[in-house]
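The following blocks contain the structures, represented as structure tokens.
What follows is a pair of complexes built around chain A, which joins chain B in one and chain C in the other.
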Partner chain A sequence: MGNVGTALTNLKTNFKSPSQRRQRLGLFFVLPAVIFTLVFFIIPLLITAWMSLFNWPLLGKHTFIGIENYVNMFSDKQFWSSLWFTTKYTIIVTPCIFILAFILAMLVNLPMRGVSLFRTAYFLPVVIGLGASSLLWVWLLNDRVGIFNRMLMDLQLIKQPVVWLGDINLAMITIVISIVWKTAGFAMILLLTGMQAIPESLYQAAMVDGAGFWAQLRFITLPLLRRTFALTLVISVIGSYLAFDQFYIMTRGGPFNQTITVVYWIYNNSFAYFKMGYGSALSIMLLVVLVLLSGLQLYLLRGEPDI
Partner chain B sequence: MFRRIFIASSILLIAAFMLSACGPKATPTEVPAAAGQAANAPEASGDSTPAVTLTMWSRDSDQVLVESLVAAWNASHKNQIEVTIIPASDFVAKFGTAVAGGAAPDIIAIDLVYMPAFNAADQMTDITDMAKALPYFDKLSPSHIRLATYEDKIYALPFSAEASVLIYNKSLFKQAGLDPEKAPSNWDEIYQDAKKITALGDGNYGFYFSGGCAGCNAFTMLPLIWASGGDVLSADYSTATLTDPAVKATLEFYKKMWDEQLIPEGAKVDNGSDFFNAFQTNKIGMLGTGAFAISSLIANHPEIEYGIAPLPGQNGGTSSFAGGDEIGIPKGSKYVNEAFEFITWLYSEDVQLELYAKNSQLPVRTDLVENKYFEANPAMLTVANEMAVGRTPYSVKANELFNDYNGPWETMLQEAIFGGEVDKAINTAQENYTKILSQP
Partner chain C sequence: MNTTVDSVQHFGKIRHRHAGTRKASYYIICSILAAMFIFPIFWSALTSIKPPLEASASPSTYFPTHLDWSNFKKLDEYGMGLWRYVFNSTIVALLTVFGSILLSTLAGYGFSRFNFPGKTFLFITILAALMIPFQSILTPLFIILGKLKLQNTLLGLSLVYITFQLPFGVFVMRNTFETIPRELEEAALLDGCSSFSVLHRVMLRLGIPGIVTVAIYAFLNSWNEFLAALIFMSSEKNFTLPILLVNVRNALYGQVDWGALQAGVTVTIIPCIIIFLLLQRYYLQGLMGGAVKG
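Let's turn to the complex of A and B:
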């Protein structure tokens, strides 16, 4: 009886030990995310890579052409000029987003009453779609019926309505403003979580040592935010490189085709010129650029600061 | 134990949720049946075949016409049609994707300039025999038939007709001291009239065009080039002829009006959404437009006094871009005969007069153009006549050549008219056109 009893107990233990149960449980909880990533990212990525080796028109039959799409890419002037424009745009918009997001994060980190109202208000533009936001700005900026021109004229700051999206510099400024308005809230939340993870005791110890506001910022907040900063930066840069909606809707790539981003060019090739194979090759190239960029950022911002 | 049930049910819920997301795409807009009539009235004869539902896609430019036609059909026929309206700028991409995914609709109504590309890619059902069997086949709009023909086979038939014309504001003409019954008949007259109207001030401008809309300007500027004896493509549509002096003259004509501020500044960035709205503010003297303008004015702004005239050439002569939609049956449709029944019904005299002409839509049968409704509205007669003699470029690359916002046509217009570099713009466009035409 003792043998049977022990055997039974062993059986039960082997199948249901707490750590094994946790592992299996963990597997089940991750499964939806794994399936999601597989179906919506990994598999489409492999299909895109496959398509990039073909001449694949949207309507009609496709033919295998090996790396010819990639070879043609090097002489595609518009692709390189789009890549350069997208890089310029990212360089301009990223600091704007970050500086604003950092200031906002510090503000909403203050232990005030009603601060969550501000947090929500700053985050709200993030949740409206980028397409809807771009359309909104198109009409706000319109020279005949737009509010901005009306306000500026009433304030006597301009005499005639300005066609904001008709000049390359004005268009860039307005698009950057609209994007900062829309996305700063998200970066703010990410930075906020990082800030809230810093123990209050560090600040108190610093105050005892005589550190003022700027010293605390420089020696405690910024170094300890490094990981969060890296994450936010990578996400923001990727997002800016993938910019499409605002340029498609607000400037249609103009004036004079100067605001065509990389994704806009991919869209044109795939869905306007029906060259899905070439569009796929461009997408793979963009992926490579983003992987390299993200790797570089994570490398530069690596390491745990010692405090 | 409860934990396990909880976990299992959570997983099931999540799985079900994800699978439901892979379901069929957005449902098409429901077409309201005519008031007081049952949506599924069967035909009088004892027809024992089951009723089928056909899917139809149409671009939004024709929305009002399509919905009224389908509602009338659904109210009087056993077979039903479910129509989906798609924004014009997205139509080709959506259709191509649907065909590639094996989910093409049974009927499509599409801009006729895209027919050659669709036919070359073998996307449409051959309806040559059925088409030629129609008794009034030779009365159907010639441009539509030509665009729908590929290698001597017919793949679509006319659905809606359009032609570009010049519309002018008679009350502004009167205010500027011009004869409201005398439309400009050459470019110099347009220029002089525009100057006088802009001189009225108060936000009035003599002329308008959508500076950022490729297709709109193909519709309204190509006729100016044609009427002046030139063209952007050779007669067989295989070579680019942008270096033709008529092209340069047209660009310089627009540039002159732009430089002298006879056109509102916002025109530069208008991507087409203001293509006709501008005229409806009652502050624009003249602009190139189509038949859709007339029905829009009658419905929304009956107070605006307008006149319609053919688009003139530099020194006289007239021309027009014959446009509109074709109706065809994509390959793979299971209901070819039923779809063709709908097409045949569209051409019946009753439908052409009561649903088209009465609502200020051009009939696609040239033998029905002179009818009692158009006698009361002679502007429609002008447009209809222009359509019968209008021209339409035929190219499998029509999208890239004329409709692409970032393509050579639109870039040339912007660089020449707004950028002031006419010769450079023309040369660049000529190079790019040649490149596009040389690609398979």
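Let's turn to the complex of A and C:
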């Protein structure tokens, strides 16, 4: 067997058969996509790392300064402030999204009539774009012309219009609400996919054993959703860490630069102050943080369920 | 009757006579939630058809006294006129859709049906780009586009958007092609078709669901994208819709006209909602397929 096998292999490698030539054709099909990825993803990534070692203004000479950008980062108060704010924001927004998405997924997973209508409604905000959504909420929350204040006053919940986006805590709350509104549907679909992969028979067996709703949730649904949950969590956390649009549009980083996220700070440095070298160093730092975060999450949520 | 009882078993043991109230409360809860999700969009659209004075009224009014399209007309007075920006956004979106489909289909075919050296490595490289947040490579992208003389052009922006779509697009198309039986392809090859004809005659026709999915995501992502457009476009005539709207909001053109702003939001939102409602199946399939595989 071995001898025949090696003989055949030698035959194949020494004589390129038409089918082998054809296999290489695959390379050409794949090439355009690879070239695009190289030019617009890989190379820029390498350039970012390279630029981070320079003082690189938009116009004029760029000078090599080694790790000076990274050293300066440590004493950059706004950087740490932004990092902290972005972390705080992520910590608040993530559970909100998940809890709502989980509830929605459970509701929509039932074989009731009209379920697809509800699913569509819950998902609708996902497709409208973050820019449009932020502009929508800016109006909604406006203290003079927004309908939010009007409704709250009519319901006697507040006496005077509130400037929601003018106070750091209120702004955080309302932006979180707007983001949860926008993205819960997406997380819902991801969780739903995982839920639908759980065999019905498990629930039926549990019911026979006398397990009620909460027991079923704890011992069947949640453990089996672990992998889906981990994936959804990583996507959600990365998304929150990269937040920019809503803060640029709704609060302009205010009040008093308190809502400047990491990406917003990168944007300011690279495209407002044109300190592109420093902006690149910040970008690399962001990447490192994301990789660490994702790795941490996947590590903590590792392992197959025991069922 | 019994099947209704069985179907709500997730709520625990149900007594027969409670089934009706359980069902009712289910629908009430779901409807309230649905209302919460739809209301903001609804009110925004409603504001856009209010007479301008009512739209900027303080405190806000609920319903318009009469239908008024002035807000849309006023939106046209900003910068170079609404339609210029709609045009720009549309061109970019169409280029992105076309480019994404082209590259993803070719690459998906290559990865699915061929075995060449470096195949796995290249596949992983393209997919790994999903891990790179484009926010961190904007600076060099800005410079690269400049070197290619594509900065501040719709084409340049489209090329960047196409690249963003590639990981997902290639993934979807490869999976789509994997589900097509190889016998069809082999039969065509035996009949003397070139590989390219096989792609063209056989795979494309059967791969339509995947292509539609890629198209939808490409369109929505490029139509809605804000940050890259903001950075790469420096002259008014090349702005896309999101940039126009943000400029309106930042009162670059004077006092914020809320009616006009919401009119702009409505114009931006409508294509997305229409596409989603019509092609829901493909959109959700794309998401769910990816999640299961991941």
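In the analysis below, the second predicted complex is superposed on the first by the 267 of 307 C-alpha atoms of A that agree within 3 Å, B and C clash if a C-alpha of one lies under 4 Å from a C-alpha of the other, contacts with A are read in each partner's own complex, and residues count from 1 in each chain.
In this text, a contact is a pair of C-beta atoms (placed from the backbone, for glycine too) under 8 Å apart; a residue touches a chain by one contact, two chains touch by 3 or more.
Just so it is clear, the structure is predicted and the values come from calculations on it, not from any experiment.
J.: Quick one: on chain A, after the overlay, do chain B and chain C clash, or do they fit? Just give me the call.
T.: Because the two structures are overlaid on the shared chain, the partners are seen to clash.
J.: Which of the two partners, first being chain B and second being chain C, lies in contact with A:I43: first, second, both, or neither?
T.: second
J.: Kindly classify A:F271 by the partners it touches after superposition: chain B alone (first), chain C alone (second), both, or neither?
T.: A:F271 contacts both chain B and chain C.
J.: Where does A:G131 make contact in the superposed view: on chain B (first), on chain C (second), on both, or on neither?
T.: Second partner only, chain C.
J.: Given the touch rule stated above, what does A:I260 touch, chain B (first), chain C (second), both, or neither?
T.: It touches chain B, and chain C stays clear.
J.: Looking at A:Q216, would you say it contacts chain B, chain C, both, or neither? Reply first, second, both or neither.
T.: second
J.: Given the touch rule stated above, what does A:N142 touch, chain B (first), chain C (second), both, or neither?
T.: In the superposition, A:N142 contacts both chain B and chain C.
J.: Quick one: classify A:L224 as touching chain B (first), chain C (second), both or neither.
T.: neither
J.: Looking at A:F28 after the superposition, I want to know if it touches chain B, chain C, both of them or none. Which is it: first, second, both, neither?
T.: Both: A:F28 reaches chain B and chain C.
J.: Determine, for the superposed model, which of the two partners chain B and chain C contacts more residues of chain A.
T.: The partner making contact with more of chain A's residues is C.
J.: Contacts for A:A281 in the overlay, against chain B (first) and chain C (second): which applies, first, second, both or neither?
T.: neither
J.: Run through 148-156, 166-174 or 220-228 for chain C and report the one that clashes with chain B in the overlay.
T.: Superposition on chain A puts chain B right on top of 148-156.
J.: Report, in rising order, the residues of chain A that make contact with chain B in one complex and with chain C in the other.
T.: Residues common to the chain A contacts of chain C and of chain B are 25, 28, 32, 36, 142, 144, 161, 252, 271, listed in rising order.
J.: Within the complex, which stretch of chain A touches chain B?
T.: Listed in rising order, the residues of chain A that touch chain B are 25, 28, 31-32, 35-36, 57-60, 142-144, 160-161, 163, 165-166, 251-257, 260, 268, 271-274.
J.: Hey, which residues of chain C end up touching chain A in the complex?
T.: 7-13, 23, 26-27, 29-31, 33-34, 36-38, 40-41, 43-44, 47, 55-62, 102-104, 106-107, 109-111, 113-116, 118-119, 122, 125-126, 129, 131-133, 135-144, 159-160, 162-163, 166, 170, 195, 199, 220, 223-227, 231, 242, 245-246, 249-250, 258, 261-262, 264-265, 268-269, 272-273, 275-277, 280, 283-284, 287-288, 291-292, 294
J.: Spell out the part of chain B that touches chain A in their complex, as residue ranges.
T.: 7, 11, 14-15, 18, 92-93, 96-97, 99-100, 117-118, 120-123, 212, 264-266, 268-269, 271, 281, 399-400, 404-406, 411, 414-415, 418-419
J.: Please give the residue numbers of chain A that touch chain C in the complex, ascending.
T.: 22-30, 32-34, 36-37, 39-45, 47-48, 51, 104, 106-107, 109-112, 114, 117-118, 120-125, 127-132, 135-140, 142, 144-147, 149-150, 153, 161, 181, 185-186, 189-190, 192-194, 197, 203-204, 207, 212-213, 216, 228, 231-232, 238, 242, 244-245, 248-249, 252, 263, 266-267, 270-271, 276, 279-280, 283-284, 286-287, 290-291
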